[in-house]
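Pasting the structures in now, so scroll down.
The same subunit A turns up in both complexes below, where it pairs with subunit B and then with subunit C.
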Partner chain A sequence: MKVELEADKCVASGQCVVAAMEVFDQDDDGIAILLTDEVGPELVDGVQEAAAVCPAAAIRLVRP
Partner chain B sequence: MRRIAVVGASAAGLAAAETLRREGYDGTLTLVGDEPEPPYDRPPLSKQVLAAEWEPDRLALRTPAGLAALDLDLRLGAAATGLDLVDRAVRLANGSEVPYDGLVIATGVRPRRLPGEGAHVLRTLGDALTLRERLSPGRRLVVVGAGFLGAEAAAVAWRLGAEVTVLEPAAVPLAHAVGADVGRMLARAHAERGVDLRCGVMVSEVTEEGVRLAGGEEIEADEVLVAVGSLPNTEWLDGSGLAIGDGVLCDEYCEAAENVYAAGDVARWYNPLFGTSMRIEHRTNAAEQGMAAARNLLAAREARKAFAPVPYFWSDQYDMKVQAYGYLRGHDEVAVVEGDLAERRFVAAYRSGDRVGGALAVGMAPKAIRQWRQAIVTGASWHEAVRSGV
Partner chain C sequence: MADTLAGAAHGGADTVPEFPMPRAARCPFDPPPALKELQEKGPLTKVRLWDGSEPWLVTRYAEQRQLLGDPRVSADTDRPGYPTKASPEAGEGKLSFIMMDDPEHARLRRMVTAPFAIRRIEALRPAVQRIVDGLIDDMLAGPAPVDLVEAFALPLPSLVICELLGVPYDDHEVFQGNTKTMVHRDATPEQRGAASREIAAYLAALVGKRLADPRDDLLSSIAERITAGEIDHREATEMALLMLVAGHETTANMIALGTAALLQHPDQLALLRESDDPKFVASAVDELLRYLNITHLGRRRAVTEDIEIAGQVIKAGEGVIMVNEIANRDPEVFEDPDRLDLTRDARRHIAFSFGVHQCLGQPLARMELQVVYGTLYRRIPTLRLACALEDVKFKHDAFIYGVHELPVTW
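Entry: the complex of A and B
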């Protein structure tokens, strides 16, 4: 599945990194970056969690 | 469980509804909210929306398709007015009833007000749009209360060219929340820009001309914003038998009564990580607690998990991003453990008893703060953490 990140909404909370370290990181200003935008089934739960807790609603998991 | 009702259609309620579906619940899912809009986000109201950088459509928490996928029985513009715990039904203002097997209460808080009329508050999209129409260069805005909300609004109004006065009853803004040193640092940010922050000033009333102080003095203003804290929306639960006391009282599972859970700003629950009950008005907590409440509602009783988060909060003021982890209220000591307050690049750690209870950072890289979050999670000893810099 594909992960989408609207970086201009990001408020640098880091919740996504806590939820899925394999998929998200933050730059020096705290803005989230995607380490990968395609995730396999083993990472889907983590990304869903990240999308749910992201306070900026900036993360979406898109089914192909 | 075939019928679940979620009352309160904002961050916490939506997170609960979404989690129920994600965890496989396929029965009737009613989401009740008294605002007319589909779930939208509040933090941008005092930031991008007030600054007219974002239009309301950017606030939607889910796309219409995402919302539709939840297959909700969505009741918007419908206030819940009563709860019958015995017959298991929520009463709505229009006279209808929503029967349930499981219930999540997520009705949030509303602003405290002051005597008198004509003042703005800032909680809803409507509030933000009304205030922003009134802010323009030269307009005189009085903000009552220098908490995070008042400070954010003051910063935006200043940027828009308004003449801003902030009136705060305490001697140092936010001292009870973040400590006097950090509070003074935040106060200086206003002063440097010419925002007139007056501390030790009690406002008794809003008048047609502005505000009247406790001593009788009047301060003139074109607009007044009252930002003096909030009250949990629990009146609709009066007489239901639920325990209420500064919020819906819950155990560590966020349960208020059998199959009745609460989440978000309205919930006061026992957080075992800190060994105390708390009610947290933070955006991330609303989502996390909504998720936790939903999971516990569906789980077998012995499989439920205590909700033991490290609260997280951020605030944007002028060019500063403030971030805080943990439970800072009632701390015993504050120490700047990295950087420098005067330069507005620092991490401050908060001692509670002999452990690290919280951390607050301004202008620091995420990794510097994340270590302190970890110290809070593990209940690290204060002296060791401060000595080794975590």
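Entry: the complex of A and C
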């Protein structure tokens, strides 16, 4: 599955990193970055959690 | 006839409830019963504020999240319809970017996001652990009973913010004395103003020092923005002051109120005392944030364009209040919401708000609370209230809910 991140919306809450450290990181200003935009089934829960808690609604999980 | 009598009991034909509502005296950890009733009736209702204005009160989780994330909902206190909090707070001016909208809000906020990145906060954890251990050592070495607010809950966030901002340890006493005056309910406006000016002057001087000699701290990263020509020295000082004020009273009250609540739920307290699993402690912190909601007066906004929501149209120029304490008890989202259950997954709570204004300091607050809740009850397993719960003075009248003092012994 594909993960989409709209970094210009990000408010640097870092909650995506807490939810899915394998998929998200932060740059020097705390803005979210994607470590990978393709995730296997084992990471789907974490990404869904990240999308749900992201205060800026900047994360989307796109099913094929 | 029955209608007339019922109406009379509520003040004649007037059916718009006043906000805020009182909590039930016997349930100091629960939202006011009247809020619960309004939530059961529907997601939106009009309420009347102290100044006679009638903004919308949003009672349910889904609608609160939707509105808090809507760019047509403004945090600018100067907008028509903005629901003002209370008369004593009126005229105090704007608290930097938290009372601005994008793009200006985002521009300023991004200047101070770096130190709150998860890895930066994790790097602070050992220092926070040392401060917590030191304060507990002092408590155990001193007389009991002791006021937990004074001895532990207030000094901790103060010491931590010093660490984060880069305030020298030697200056802690001056720094703490003034912040205490700033948040004390009995301080006069003049005393608060003087304390605030003294800290501002102190921070301004420190920003000047970091300009010349940068270090790895928040004051230095704010000072860099002056060098880059993005803000001036006064704006930098205001930003540093905002960081200090916003992070202080909140964390302190979560520590003391959380302890008061846990002491009333010994089975839940035992779970924390007996766990050495950081994941469980982190999850327990979220549940306590969900359950307690110290920001009990709601997030206030002004609507700038008509918004249709939950079968209603909120018109441009109307105010909205999103009360997180009732949204976080929404049974549609949290099963059996009035039960404190440290084993539940409460991560989606909105105690830190939602949308672009969500609390910037939340990673720091979470980490501090994880260290506190994961340490205090293990180090002092016999910790208990030194008075009856009925004698604890809760902050019903304050902007941030909590306890004025919490006498404890062990």
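Basically, the second predicted complex is superposed on the first by the 64 of 64 C-alpha atoms of A that agree within 3 Å, B and C clash if a C-alpha of one lies under 4 Å from a C-alpha of the other, contacts with A are read in each partner's own complex, and residues count from 1 in each chain.
Following the convention adopted for this analysis, a residue touches a chain if its C-beta (ideal position, glycine included) is under 8 Å from a C-beta of that chain, and two chains touch if they have at least 3 such contacts.
Just so it is clear, the structure is predicted and the values come from calculations on it, not from any experiment.
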item: Touched partner set for A:11, first subunit B, second subunit C, both or neither; value: both
item: Touching partner for A:56 - first (subunit B), second (subunit C), both, neither; value: both
item: Which superposed partner A:48 touches (first subunit B, second subunit C, both, neither); value: first
item: First (subunit B), second (subunit C), both or neither touched by A:33; value: neither
item: Touching both subunit C and subunit B, counted on subunit A across the two superposed complexes; value: 11-15, 17-18, 26, 28, 30, 49, 52-53, 55-57
item: Complex contacts: residues of subunit B adjacent to subunit A; value: 11, 15, 18-19, 22, 41, 43, 58, 60-62, 283-284, 287-288, 291, 312, 314, 316, 321, 323, 365-366, 369-370, 373
item: Complex contact set, residues of subunit A against subunit C; value: 11-15, 17-19, 26, 28-31, 49, 52-53, 55-57
item: Residues of subunit A touching subunit B in the complex; value: 9, 11-15, 17-18, 26, 28, 30, 48-49, 52-57
item: Subunit A-touching residues of subunit C, taken from the complex the two chains share; value: 69, 106, 109-110, 113-114, 116-121, 347-348, 353-356, 358, 360, 362-363
